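Naming follows writing order (A, B, C and D), and every chain is counted from residue 1.
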Amino acid sequence: MSGNSFGKLFTVTTFGESHGPAIGCVIDGCPPGLALSEADIQPELDRRKPGTSRHVTQRQEPDTVQILSGVYQGVTTGTPIALLIKNEDQRSKDYGNIAESFRPGHADYTYWHKYGVRDPRGGGRSSARLTAPVVGAAAIAKKWLKEKYGTEFAGCMSQLGEIEVPFESFEHVPSNPFFAATSDAALIERMEDYMDALRKDGDSIGARIDVVARNVPVGLGQPIYDKLDADIAYAMMGINAVKGVEIGAGFDSVAQRGSEHGDELTPQGFVGNNAGGVLGGISTGQDITVSIAIKPTSSIRTPRRSIDKDGNPVMVETFGRHDPCVGIRATPIAEAMLALVLIDHALMHRAQCGDVSVATPDIGKA
Amino acid sequence: MSGNSFGKLFTVTTFGESHGPAIGCVIDGCPPGLALSEADIQPELDRRKPGTSRHVTQRQEPDTVQILSGVYQGVTTGTPIALLIKNEDQRSKDYGNIAESFRPGHADYTYWHKYGVRDPRGGGRSSARLTAPVVGAAAIAKKWLKEKYGTEFAGCMSQLGEIEVPFESFEHVPSNPFFAATSDAALIERMEDYMDALRKDGDSIGARIDVVARNVPVGLGQPIYDKLDADIAYAMMGINAVKGVEIGAGFDSVAQRGSEHGDELTPQGFVGNNAGGVLGGISTGQDITVSIAIKPTSSIRTPRRSIDKDGNPVMVETFGRHDPCVGIRATPIAEAMLALVLIDHALMHRAQCGDVSVATPDIGKA
Amino acid sequence: MSGNSFGKLFTVTTFGESHGPAIGCVIDGCPPGLALSEADIQPELDRRKPGTSRHVTQRQEPDTVQILSGVYQGVTTGTPIALLIKNEDQRSKDYGNIAESFRPGHADYTYWHKYGVRDPRGGGRSSARLTAPVVGAAAIAKKWLKEKYGTEFAGCMSQLGEIEVPFESFEHVPSNPFFAATSDAALIERMEDYMDALRKDGDSIGARIDVVARNVPVGLGQPIYDKLDADIAYAMMGINAVKGVEIGAGFDSVAQRGSEHGDELTPQGFVGNNAGGVLGGISTGQDITVSIAIKPTSSIRTPRRSIDKDGNPVMVETFGRHDPCVGIRATPIAEAMLALVLIDHALMHRAQCGDVSVATPDIGKA
Amino acid sequence: MSGNSFGKLFTVTTFGESHGPAIGCVIDGCPPGLALSEADIQPELDRRKPGTSRHVTQRQEPDTVQILSGVYQGVTTGTPIALLIKNEDQRSKDYGNIAESFRPGHADYTYWHKYGVRDPRGGGRSSARLTAPVVGAAAIAKKWLKEKYGTEFAGCMSQLGEIEVPFESFEHVPSNPFFAATSDAALIERMEDYMDALRKDGDSIGARIDVVARNVPVGLGQPIYDKLDADIAYAMMGINAVKGVEIGAGFDSVAQRGSEHGDELTPQGFVGNNAGGVLGGISTGQDITVSIAIKPTSSIRTPRRSIDKDGNPVMVETFGRHDPCVGIRATPIAEAMLALVLIDHALMHRAQCGDVSVATPDIGKA
């Protein structure tokens, strides 16, 4: 209820702060009988971890995950799975200068007003570092969804600041430091130059991320409030720095006519996917397509006007190690949140309606 | 858990279908001691009700609300408040032709796959008619928030299809059939002609709606998952036909630099509101600003390809009474959802942190 | 969260007060496809309703139930089922004398302290009349459990004040006004005389009720907190006037040795049922056996010392219509609560573990 | 939802198995600003830990607690508090003989049927060892309740098998190995002999535990389902081996008359406490009094009939280290559960009704 659990039936409760001894989570509700070891989880954490290129924070964290419970002889037992990730590279002194004042655009101000106390080391609880445990938990969700329904996830950065990245194929995503779905080397180089210039300026930039889930069973979603798209919006807007969420045609729907937007059906399936795989809050069996807007990092070296705790004017410059574009590492996080929403709805669906069919219908594969 | 309750502490559970005997809701968690009668609720329902202009559905529903419980001698008692609204103008035969096939872009297909059975009369449970009870419940939330914190809500349509509506003042919203915040009579006439043409074509159109909450206390929001903006996104995406949600700068954040996006602070308050009143998932005390994209109505007279329950190809034309732009009546609904999110977070905040200060700080009024 | 919903997946949210216009509930999460009409519900309400003998309250309420939603063409649709029961025989003046003071042993005192306001008419929300909607909801649960697993419920009064009622057979329960599982006419007459004497004295008495569920699937229960027996205890202790709950051997376990208490297993099943059908918080497939202690009615004609709202001493005598033994009508209520717990756990179980087998194993039928 | 979280607003999610690497919990919803360190928690864990006398299990566990998050500079921050307790003395081989068969009276049978897999080492998740994290969490709850309302907890064993322990004073509880509230050395010696004889017999015994909370604010409880006593019953019945729960007069209420049971009020407070501090599901401000029945340990050396996983008859003798009376260490656990219920209801109350008064009224101190 205090907001640190995600999901109702596959419930992930996270804990930890950026510079505490450890971060982690407890996953309650994982179905029993799933083969599971750390090796299933680590690759997803590695996709998200810091320090993998010069365009992200240089904090060195191996993000090695340890399973503390819920698995016996390599199989989930249906009891809570606890994941532990130790913080290895805390340098709290880097953040000393921001303990008494509030970074513009940062949670400093609101945490202090809400709780009357805050852990300023690396953003404390509000740090994007806290997405690591959910990425770990989602690795388990992805594995179960894959085995049960063949569901798969993919994502990419489709815009970096002013630079749009035309979609080519998800297969290119691992081949560049931006999760860009392109093989256009010149475009990648342009993005690298763009980021280098930003770092030099002591500034940061926003990004747009697209994620998709394929082979989703028909029927997931609990209208009329816990609609699948409502829960996806909740999950995505809850990721650090996200300011906008679209499903399917998103804001383009505003200027569409009904005769254009509504995806027709034929015996071979849907013709088009303006719906983004969700109608009436329930999955159609088509790909679920989601886009999110990520704001620029608020911790920048450029001096900015702010106030201190006593309300006095100050100038704030943030040193320390920060991602100049938090959007870069957001793709695996957005995929993770989508996976957590889907497994939760899969379990909710079978609670009320019984087990969903393993295969999606032939229609809906447009 | 099955999705028909909204809110965790101010919990609204709705029931009913478009053409059943009645719709309504139970509100659990309303603070005791609030003066309340039907007269506090009816005006909000009247803003949303059908039949108020030729541009919305012609179904005639007075939407008269009755309080069945939870109020004694004109004051809330802290026990559940049940609201009942009778359906007066059911014409189920209008919908007979869609019982066996699926309207493109409509929940017909997914409800049938999910539940194996569906009530086709007027869309059954998936009808936008079901937003009436939440508008009623939100009238109570609005009253409490106004009395407690001075919080107020406003909203308008900012785009109708291709027609953008420049914001002038919320005071003009009640003076035209579109909830447009403009006094530009020529623009309103253009919108009327646009809608008339659409109806003639048997087609429909999307819209963009903006809503705002003012005088919001600092500190509402339960990071790191039940962030205020995450719950707003959930609430908004759950409204019928919504495909996109933005908070503050929204998708414009993608191309913004950190030095531009992050709202600076001075002793006089925030300078700008790219944040939309939320930082780190917690309210800043500034206005909360939200935009949503509403897709065009899926029930249109234009013939469209679809399939029947047996998978055979059919052409679907939807007669009966429908809003040609569901966005028109969406403004009071979006305000209602925002109010429900805020009261829920206000109660959650005082659970954990004690009562919030009645006045927002001077800063944050930029 | 404010306590007026019961169950997590088969969620019953009730509303109403003893003397308001109506009482009722919304059931969210009922599986779709269940044949259902008012005729399935009314018989359970009739078992509980007042006025059926001289030993219970003489308030005349037909307790006629109306289904407002969630059923289409005689089948549940998976959407919320609203039940409405009108209050027909309110006589609020009967209770005028208790509006300003607190009946000893009654919720008057605590409701007033908690909420600062209370509806004194007939006990308002705290009246046992509010068990009617849950009995209605449980009729649906019972029907589904019966069809799905063959689960059946029975209950009886096993003690009325000092009078113990030896168990003979549940078939005798409907044949006497006390829900006694006996065919001993002399015993029944003794109970009638006992009740007549109590009424003459203007006093009331407690009772002990036993309920049982048969043909319960193995595996229901969500340890380690939402154990099946924990939720049963919650459900039972939440019934008006209940002060004690036992599962299986209950308090007799205190003086038992492990070699006596632990039910042995043979290939033919369990030998004994000290467990009451629950081990480790999970159903064994044996009968679930529960006993509850019901305190004597607090509203009695005998004058008693109390205070008024200003803290002044007063004498309180309660006139009006009251059950001299609330335990008499408690049997169908206790069965109802047990049924609601079981359906909720059946749905939770299939969320995490998939569908339970329809048949209980041969073992466990001891 | 899968049952491993306790509490709605002060939510404790536990993880771990008896013989895994570690056990622990995440506490979400702790109010910020509470001074807290491991030194506040360890003493409660020490009261519960094994190996403190020859009458409990000889497993050697220091149960040293480590706070991983949620505390900064010695003060709670309002973010999740993770507690970690390492398992030091696992000897899994001791339990090898029970991996393939089911101990009578034990969760072996039901876990295996529910999940299709189970961790047999020391009872896995069903072990009473898993009460350690909640005792740790409750130490935090107790501290907050003490500081906020002056609430205090106490408990004792009032019956060991056939031996009743007359209540003298809680001050004697720490002075004997049984949590007995007596200074009667002869009685303690009798209990020691009784336990020694049991161990020699390879058998076990039940117990009765009484717990009390003092200085409880008036008004806690969320009727009509989340009544304070309903949640207490849930909490207590959920403790390992509990088969019965009583509040106040409990089962004695059955034979009481209304004129005897209902606690009269005078301007000086309640006269008697048959209610056990709860009326209508809401705290009265009086002491909350609870009794529980604990069954005898199911793991005993005495050979017993059972079956193996294939349904074949076997004889089961359980060696390894077990408490011959799990009731002995149950007192701090029962206190802990009561504290967790009270803090949760205190937070729920202030969500809906605002902050409760720090002092309980003078009345209600009878």
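Going forward, a residue touches a chain if its C-beta (ideal position, glycine included) is under 8 Å from a C-beta of that chain, and two chains touch if they have at least 3 such contacts.
No experiment lies behind these values; they were computed from the predicted model shown.
The chains that touch chain A as well as chain C are B, D.
With steps allowed only between chains in touch, the distance from chain B over to chain C comes to 1. Using CA-based centroids throughout, the chain positioned farthest away from chain A is C. Centre-to-centre separation of chain A and chain D, using mean CA positions: 39 Å.
Here the spacing of chain B and chain D, counted between their Cα centres, is 46 Å. A separation of 26 Å divides the Cα centre of chain C from that of chain D.
In chain B, 1-5, 8-9, 14, 29, 32, 78, 114-116, 125, 348, 351-353 are the positions where the chain touches two or more neighbouring chains simultaneously. Note for the complex: chain B touches chain C at residues 1-5, 8-9, 11, 13-17, 20-24, 26, 28-29, 32-33, 66, 68-70, 72, 75-82, 114-119, 124-125. By the touch rule above, chain A contacts chain C in their complex via residues 1, 9, 29-32, 78, 347-348, 350-355.
Residue ranges of chain C in contact with chain D, taken from their complex: 1-6, 8-9, 14, 102-111, 113-116, 125-126, 130, 159, 161-162, 198, 203-208, 218-227, 229-238, 243-267, 271, 274-276, 278-285, 293-300, 302, 304-307, 311-313, 348-349, 351-353, 361, 363.
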